[in-house]
Amino acid sequence: MDSMTYIAMISIIIAGLTTGFGTMGPALAEGRAVAAAMASLAQQPDASSTITRTLFVGLAMIESTAIYCFVVSMIILFANPFWDFAVTQAAGK
Amino acid sequence: MDSMTYIAMISIIIAGLTTGFGTMGPALAEGRAVAAAMASLAQQPDASSTITRTLFVGLAMIESTAIYCFVVSMIILFANPFWDFAVTQAAGK
Amino acid sequence: MDSMTYIAMISIIIAGLTTGFGTMGPALAEGRAVAAAMASLAQQPDASSTITRTLFVGLAMIESTAIYCFVVSMIILFANPFWDFAVTQAAGK
Amino acid sequence: MDSMTYIAMISIIIAGLTTGFGTMGPALAEGRAVAAAMASLAQQPDASSTITRTLFVGLAMIESTAIYCFVVSMIILFANPFWDFAVTQAAGK
Amino acid sequence: MDSMTYIAMISIIIAGLTTGFGTMGPALAEGRAVAAAMASLAQQPDASSTITRTLFVGLAMIESTAIYCFVVSMIILFANPFWDFAVTQAAGK
Amino acid sequence: MDSMTYIAMISIIIAGLTTGFGTMGPALAEGRAVAAAMASLAQQPDASSTITRTLFVGLAMIESTAIYCFVVSMIILFANPFWDFAVTQAAGK
Amino acid sequence: MDSMTYIAMISIIIAGLTTGFGTMGPALAEGRAVAAAMASLAQQPDASSTITRTLFVGLAMIESTAIYCFVVSMIILFANPFWDFAVTQAAGK
Amino acid sequence: MDSMTYIAMISIIIAGLTTGFGTMGPALAEGRAVAAAMASLAQQPDASSTITRTLFVGLAMIESTAIYCFVVSMIILFANPFWDFAVTQAAGK
Amino acid sequence: MDSMTYIAMISIIIAGLTTGFGTMGPALAEGRAVAAAMASLAQQPDASSTITRTLFVGLAMIESTAIYCFVVSMIILFANPFWDFAVTQAAGK
Amino acid sequence: MDSMTYIAMISIIIAGLTTGFGTMGPALAEGRAVAAAMASLAQQPDASSTITRTLFVGLAMIESTAIYCFVVSMIILFANPFWDFAVTQAAGK
Amino acid sequence: MDSMTYIAMISIIIAGLTTGFGTMGPALAEGRAVAAAMASLAQQPDASSTITRTLFVGLAMIESTAIYCFVVSMIILFANPFWDFAVTQAAGK
Amino acid sequence: MDSMTYIAMISIIIAGLTTGFGTMGPALAEGRAVAAAMASLAQQPDASSTITRTLFVGLAMIESTAIYCFVVSMIILFANPFWDFAVTQAAGK
Amino acid sequence: MDSMTYIAMISIIIAGLTTGFGTMGPALAEGRAVAAAMASLAQQPDASSTITRTLFVGLAMIESTAIYCFVVSMIILFANPFWDFAVTQAAGK
Amino acid sequence: MDSMTYIAMISIIIAGLTTGFGTMGPALAEGRAVAAAMASLAQQPDASSTITRTLFVGLAMIESTAIYCFVVSMIILFANPFWDFAVTQAAGK
């Protein structure tokens, strides 16, 4: 088994784990925020515009951490500098 | 056991784990959001349209993180760049 | 032990784990949603139609994550691209 | 120890674990739903028909995830495509 | 150590674990349901028939998941297809 | 170390673990049920007959899961089909 | 190191673990039941006879699961069928 | 390293772990019971005799599970049947 | 497998884990903060400007810890001093 | 490395762990009991003699489990039967 | 694989883990502090200046622990004394 | 590596772990007791002498378990019977 | 790989872990203290000077434990007695 | 790798872990105590002198457990009896 195989295996593993586990936190956080938003709406329907706006800003912030994970996964799958280096080196060998 | 076998094994493992564990967070978060939605509806039936709209936006955001996991699994199973590279290399050998 | 055996073993393991663990989250989430639905019904019987509709939409969303897991298990058991590749290669050898 | 032994061992392990652990989530979820149903009945006996119907729909949804696990276990024990392949190959050898 | 020993060992391990751990979830769930039933009875003694009926239906559903585990254990101990195959093969050898 | 030693060792391990861990869930569940029963009795002494009856039915259901574990342990210690097979084979050798 | 040593070691390990961990659940459950009993007595001193009787029945049920663990430990230490078999075989050798 | 050393090592390990971990459950349970006893005494000082009696019965039951663990540790340290067998065998050799 | 392969593998693993796990804490913390913000808005709509400003300052602080993790991941992927050293050394060899 | 070294190492490890971890449970339990005692004293200062007496009895019971752990540690360090046997055997050799 | 590779690998791993995990605690703590700040603002809008000032002092203290982790990561990546020693030694060799 | 090195290593490890982990329980327990003491003082300032006395007795009991751990660590570091035996034996050799 | 490499690796690992994990506890504790401070300020604005002073004393105590960890990390990185000994020994060799 | 390297490595590891993890408990406990102190001050400002005094006594007790850990770390780093013995032995060799 040569070096490229190891790099390919590790890249697949980490791409999956980063997205698979990294979205757990944001998902739970969004669930909590949405749940609180609805409890607030039920308690104070008149403030719905403020609550909704705050919710969307918050969801955007939380989703950004999920996006970080997805971006890192995509970089590792499709723009992996170490893999590119290995392919280049293997081609030039 | 050659390199391709290792890549195939790792791809299967990660495809399964990413979906299997990555959907746990979103599922629990959706359960929490839906539970809060119904508690809010019971408390303030008049605000049902606002609550329901907020719930659907929230569920969409949460489901998106589950979709990320499923997408990564599908990429790893059916559009795996490392596997394609290995198949090409094996064919050209 | 040849490559095919390893791929078969890994496929069985992941097919089982993906369904076995991946349904834990959705099950707990559905339990929570159903429990909240009934608490809401007891508190506000007049809103039963809205609550029930919200519950069914929510259960469908949550069940979808369980379905993802089951689908991935079935793909790995019966439409596994890596296994098919190995069988083809073994047949043509 | 030949390949078939490994596949048999893995199949037994996964068949047991998938059912053994996969039923934990649904069981707890059903316990929660049933507990909430009874609390609701005690609080609002007049809504017993609606609550009971919601409970049964919910239990069916939750039980479905336990069924997925049991089905995967049974497939692995009695309709395992990888085992069938290995038996066929061993017979034809 | 031959193949049959391995299959026997694995079968014993999984038979024990499936029952040993698989009954933990149902037991806790039943404990929760029974506890909720008695709290409801104390709160609303007049609804005892409805509550008791709901409890028994619920316990039956939860017990069913424990039964799945016990059944899988018994299949693995006494009707194990992989063991039968191995015994047949060993006898015919 | 021959096969029989391995089977004996595994049988002892699993017999102990199945009972040792398998009784944890039922014990906690019974503790919860008994605690709820006494809280209910203190709240509504007049319903003591209904509560007590429900408690005993519930304890019986929960104890049944502990019994499953104990039964599997006893089967593995004293009626182990794999051990019997090994003894028979060793005697006939 | 011969077979008997392994069986002796495993027997000691499992005898200790089964009692050591298996009594954790019953102990916690009894603590919960006793705590609930005293809270109930403080709330409703007039129902002390019913509460005390229920407590003792419950403690007996819970203690039974601890007894199972202790019995299995004693069987493994002093009436271990696999050890007896090994001693017999060693004596007859 | 001969068999006796292994048995001695395992005996020391298990004697320590059984007492070290096995007393954790009873200790926490007794803490809970004592805490509940004092809360009850503060709430209903007139029922102090009943509460104290119930507490002592309960503590005795819980302590019994700690005693089981200590007894098993002492048996393993000072009346270990497997060690005695090994010593006898070594002496007679 | 040479040194560069190891460094490449480790860099991929750590880049993924640092982002994948490091965003879990910030995500949950932001979810908590957003949930508290909306509960506060519902309770005191008049203080919405103060609450919103506090929320944004807090989210910025929390997001900064997620940024640290993302920055470390990017440094490890694209500005890794150890990788640069290894590339330089390999080029000059 | 001879047998005595192994026994010495194991004895040190277990002596430390038994006390180190075994005192965790009693410490937490005593903390709980003392906390409850003070809450009760604040609620019902008139019952301080009963509460204090119950507290001391309870602390003695809980401390006894910590003492068991300390005693086992001391036995293993200073009156270890297996070590004594090994020393005797080594001296007589 | 020479010594420098090992030191480089370990440095990358620890730099990532220290930041990745070390920011989890501060992030959660800041989330808690911000959430409490907003709850306090909603409850007592008149004390907003005191609350905000306390919050900022607190956030600074908490952020300081995250900074410690980031600083240690940066030291390990860019001012690692052991790496510098190794580079010097390798250059002088 | 000779026997004395192993014993020294193990002694250092256990001395650290026993104190490092063994003080966790007492610390948390004391935190709980002190917190409860202050809550009680705030609720019933008139009973401050009784509460303070109870607190100090309780803290002494809890601290005693931390002392056990520290004592065992010190014994292992500075009065280790197994180390002394090894030193004596090495000196006399 | 010589001894110095091992000591360097271990020093890097422990320097990172001690700070990375050791700041988790203080961070969470400070978050809790700050949250409680603000809740207290909102409840009793008149006592702000006492509360603020107590908070700062408490934060200083808690921060001291984080400082211990940072100090140990810095000692290990820059004033490590074992590394200095090794460097001296290597220089004098 | 000689004995001294092992002892040095182990000493570094344990010095870091003992402080890194051993301060977690005290930090959390102090956070709890400080939080309770401020809640008490807000509830009963008149008892501030008693509460503050109790808090400082409590913090001192809790800090003492953190000091134990720090002391053990320092002993292991700078006054390690096993290291001194090894240095002496190495010097005299």
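Worth pointing out:
The chains carry the letters A, B, C, D, E, F, G, H, I, J, K, L, M and N, assigned in the order they are written, with residues numbered from 1 in each.
Going forward, contacts are C-beta pairs under 8 Å (C-beta built on N, C-alpha and C of every residue); 3 or more make two chains touch, one makes a residue touch a chain.
Chains and their UniProt names: A, B, C, D, E, F, G, H, I, J, K, L, M, N = ATP synthase subunit c.
Treat the numbers as computed from the prediction; the structure is a model and nothing was measured.
Under the contact definition, chain C and chain N share no contacting chain. Counting hops only between chains that touch, chain B reaches chain G in a minimum of 5. Of all residue numbers used at the contact between chain B and chain C, under half are used by both chains, marking a mostly different-residue interface. With centres defined as mean CA coordinates, chain I is found 38 Å away from chain D. For the pair chain F and chain H, the distance between mean C-alpha positions equals 21 Å. Mean C-alpha positions place chain M and chain N at a centre distance of 11 Å. For the pair chain C and chain F, the distance between C-alpha centroids works out to 30 Å. Chain contacts: chain H has residues 2, 11, 13, 15, 17, 19, 21, 24-26, 28-33, 35-37, 39, 41, 43, 55, 59, 66, 69, 73 touching two or more partner chains.
In terms of inter-chain touching, the protein chains here make up one closed cycle, each touching precisely two others.
If you walk the ring beginning with chain D and heading to chain E next, you pass the chains as D, E, F, G, H, J, L, N, M, K, I, A, B, C. Per the touch definition, chain K reaches chain M in the complex via residues 2-3, 6-7, 10-11, 13-15, 17-19, 21-22, 24-26, 28-33, 35-37, 39-41, 43-44, 46-47, 50-51, 54-55, 57-59, 61-62, 64-66, 68-69, 72-73, 75-76, 80-82, 85-86.
Remark: chain I residues 1-2, 4-5, 8-9, 11-13, 15-17, 19-21, 23-39, 41-43, 45, 48, 52, 55-56, 59, 63, 66, 69-70, 73, 77-78, 83, 87 touch chain A in the complex.
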